[in-house]
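Take a look at the structures listed below.
Each of the two complexes below includes subunit A, the first together with subunit B, the second together with subunit C.
And then the complex of A and B:
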């Protein structure tokens, strides 16, 4: 179906200036297919159902709006104390000098820019494949755009239990950078890996991560989208889960003028489990959107979504979550919780927690709440001598705790907790 | 009749429940047809048809112009596709937009003059058009009046047959109280100032595709005006019957509750069993001024199509209430059991401070029925409150969707919403979906939304079983409890009919 003229023109304009990563047979084929998908979908608009709460204008713009750099001097880099393999991208460009040697038993790590040149590579079964599966029933044009024009990324194949996490660091050093990164992770049978991510990435950052987990595999993902205020991020995680596999993803977002994190998860094997969680704190013109789509197409799988947002001063929080239970996906246990704490009058929370269920022996529930801080709890703390500002922070942290609890690793959980606490303190002044 | 195969039914769902749900589609009670001579407008839709309908109703020029403006807008509009329903494309040119029993050519002056065939139709439906008669099904209430109400509960009925109202009962008695209750065509003649002031003020002429179509071609419907401070002395009711083939029914209801008044309004509907799907696109507008309260209850039992999904009514309805005045209150209660396709979102605009909106719904779909229904609660005023309780039951190959919006505007300080949507699935080939939209734009308001989808709960079963109930009794109790919140919100007249229809209330077997 042809796009309307205006949309067509905007879509063409968006493509101008983008260059394809030179690649071998498998990558070129994936890029071609993705470009075809993107061309057919076009750029999203406010009238698109999945963009009604978030304005894609700055993501659609042909050039990235500039974003001031933020130098953080008052805290040590996150995950600094964790023994890990660190890989650094600066404005989307791999920085070999700043990165560790990717030497990790049971884990093969390659760069897309390198491996893409080969004609045959394992990632051809993953790259753009999960993304394409995730395009129905909801279109995700920026993911297709990413597959077609990603400049780099990591391709990780996990064959054993990784002793250390892989840490992807995204630095932002140019005010006008427009980065596109695409990672593929293949967790083989019974293997396990933790991936840590942090940093703004670029002025405008489009990132896709495809995670293919074979039977019995486990993948943990912890991401900290940092304090940079003016950055814009559009991220996708596509995951496909085999039998008895585990997928866990947690995202902490502390600022950013526009963040849209999409998670698209599909259960294809029985008895698997997926948890997606997020804790977001926003101030001022912060706009944060979590869009989650979980498809249950296997028996006895569990999915859990816990999203918490603390908003103040005109900040906007968006949650669009969907659990789709396909016919035959019996014994599904689906849970979805989205909550917003609005710290002042101007903050807003927009949510669409959806269930679509085509099997009868399931237990699916969702809850969504929004409101101000509990005055009674505040009174209780004040009556015990806690100053008001501190009391509000305590209650805020308690509110976020349920999401943080979703992180399995204790050290990482503590780290996230400490960060959030520090950020709250700093805000208090 | 074996659409829910025995093997598909989960353990724990009582046979009787399943059978009654099945029987609702298979044995549609109101599927007969009245053989009566009709006057049709020519088939199809164009400006001349719109004018013709207006002429048939003897409408003043402003009304004709209003319709024509709507028609012009309708031509620009696209049929909405966002609902989770699928049906073959409707050919709007192969429908009749106006059908009137011949005998109604000259409006009868009183019910005595109405064609006996028409009266018999309503008699057969259990809707008495003779005054002083009491609605069927509530004899018990007469013998033992609960909470000291009048022993004779009167219900005034406006009966709409295809495109025209055949009569309205108790008009005189209502007049004494100052209440105007008549068909909308009469209201346009006799109370043009009220109609002009309020018509289209809640659902604008070109609100959505179907509402716009309705604005252009609506033929009849009910009109209610309750003057300031008046508590309407009896329940008002409209009974819609589609009889003619290939005929769409487009009724328009306008209810105005002036300051401090109260009215309870009931709506029922049925249609004959036919292989061809038929279109029903109604608009209901409610205006509640300061301190006014309106209860609007619907038992929707249009023909749902047969067990293979053939035929049935496409029910595309726009219902909206405007709580204009402070402290006004509107309560929507609906039991949706019929129609092949339902597309319906009774809404409340809570404009007045301290105004309240409530929505209670049971939607049952079986065989190939599809329902996409819910509500919109738009909080504009301060301290406004809304409550949504929705129960969806899905069986056979049916799809049942709750779709709702709760919106708290920045100025709607200290407002509250509570939403609960529960879905129950019987059999593994049906679907139950929840699509809530929540928009909160101030922090002093509290919004809570909960939804569950399940089969009969194991813990509840265990609890009941451990207290000595057998499985059947336990299921009966649980399933009964599933709908109770909503059934209790219905006026007694309807609660009876609804319980029979829902038929999932298994009181008898619990003994």
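And then the complex of A and C:
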């Protein structure tokens, strides 16, 4: 099927500046297939069903719009107190000197740029595979583009319980950088890994993470997208869950003129559990989009989505979340909650919650709300002597609490809470 | 302590007068009670004094130790020593009771230019006062008033009062929704705070709370005015004859 001419031209222009990572047989094949998928889809437009609330123009543009750099001096780098393996990417380019030795028992860590040169690699069963599965029924052109043109990334195979988290650090040092990173994580039977991420570190950042969890495996993901306001980020997490496996992902976003985080999760084994949560705070021209698609194709699986956004001064929040229960996916327990706290009348929240259920013995619930600070609660706090600004911050953090509670690790939970509190404090004036 | 003169208040949103000239003085060390039928303006008086939105003062004044209450924000009134025990304490999911208490105590201290209470001192004090009110550790850890029973909420109000040690305490229908045991516990908490430097204004519909918190002065409020003032015997009279007789008598 041919694309309309305008879309075809824009798509061609977008591809012009991109180069493929030189690869061996497995990577080349994956890139070819992805390029085919992308070519057939073309770039998204505002009329596409899942792009009505977020304008893809700056993601579609042939070159990345520039983004001023931000030097943070009033906060220590996040996750600094955690014993972890740091892997650093500067504007999407791996920085070996700044990274730790990737030596972690039960965990093999390789760079895509290196392992991609081989002809046979375990990641051929993951790289672009989960992404391709996630292209139906909803198209995700930037993910296909990523698979075809990723410049680097990490390939992580987990065979045991990792003693330390792997921390992917993304630094932004060039005003015009246009980074494409692609990570694959294979969690083998009964293995367990935590991945921390912070960034995004580029003027325009396109990142895909594919996570394949075998039976009894567990994967924890905590991501902080923070403070670097002018950057644009388009991220995808694709996860496939085997029997009795666990997937947990939490994202904190503070600032950013454009962030779209897609999570595409598929249950293929019974009795598994997936939680995706996010706490986002934005001001002014902040635009934040969570797009989630969860497919239940196994029995007795539990999925939970908890997304909270705090919006002020005209900031925009978007939530598009879907739970699809395939025929036979009985005993599914699906929960979806998206809420926005609008701190003034100019902020807006656009939500599109969807349930599609083809099994008769399931429990699915969803809710979506947007509202202002509760005046009764505010008066109660003030009547006890808490100044108005501080009381609003307390209520704002309370609003985010349900999402933050999704983080299993107490120390990380506290750190995220502290960062969010600091964000609010900086705006108190 | 608290001086209210000729206070006139109307609802902001509709042109409806609620208080039509209230005069009331509560002296330090005294417990004043305000009784009155539903809709007489008792709760409005407590809200206006504590600074709730939605009311417009059209005439009169209210001062606490000489400070113009009506010109202050709610948090400033609290720091100046005013405390309202709410008729309906608000549930605040996501804010831990202890965090809330500590923030309130220290915010008031900070506003008064005093040193903040240390963690150790705070913990020690709160545990002791909670024990007296039979508030267990779990209630302290839970989010503010969230899922609390009626009695737990009222005890939590008194705990806040004890921790904040205000100069002027207003109790708005603290007896509503309480069984006898809970009421006794709450009354004990209030009585423990009675001292020569503190004033109380106890708002209640029924006389029974006043069996446990003995007032020095009883006022009867009706249709936005105080229509009669007397000693504790006035409360008994209401209990006996209802408000209708009193209103007729004054009219």
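Everything that follows uses one rule, which is that the second predicted complex is superposed on the first by the 429 of 429 C-alpha atoms of A that agree within 3 Å, B and C clash if a C-alpha of one lies under 4 Å from a C-alpha of the other, contacts with A are read in each partner's own complex, and residues count from 1 in each chain.
Basically, a contact is a pair of C-beta atoms (placed from the backbone, for glycine too) under 8 Å apart; a residue touches a chain by one contact, two chains touch by 3 or more.
All values derive from a computational prediction rather than experimental measurement.
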| item | value |
| --- | --- |
| Room on subunit A for both subunit B and subunit C (clash or fit) | fit |
| First (subunit B), second (subunit C), both or neither touched by A:381 | second |
| Contacts of A:355 with subunit B and subunit C, given as first, second, both or neither | first |
| Which of subunit B and subunit C A:366 touches, first, second, both or neither | first |
| Partner chain(s) touched by A:402 [first = subunit B, second = subunit C, both, neither] | second |
| Partner chain in contact with A:394 - subunit B first, subunit C second, else both or neither | second |
| Touching partner for A:333 - first (subunit B), second (subunit C), both, neither | neither |
| Distance in angstrom between the closest Cα atoms of subunit C and subunit B, superposition on A | 14 |
| Subunit C-contacting residues of subunit A that also contact subunit B | none |
| Touching residues (chain side subunit A, partner subunit C) in the complex | 374-377, 379-388, 390-391, 394-395, 397-402 |
| Subunit B contact footprint on subunit A (complex, rising order) | 49, 327-328, 330, 340, 342-372 |
| Contact footprint of subunit A on subunit B as seen in their complex | 10, 82, 84, 410, 423, 425-455 |
| Of subunit C, residues touching subunit A in the complex | 50-53, 73-75, 77-79, 84, 86, 89-90, 92-95, 99-100, 103-105, 107-108, 111, 143, 160, 164 |
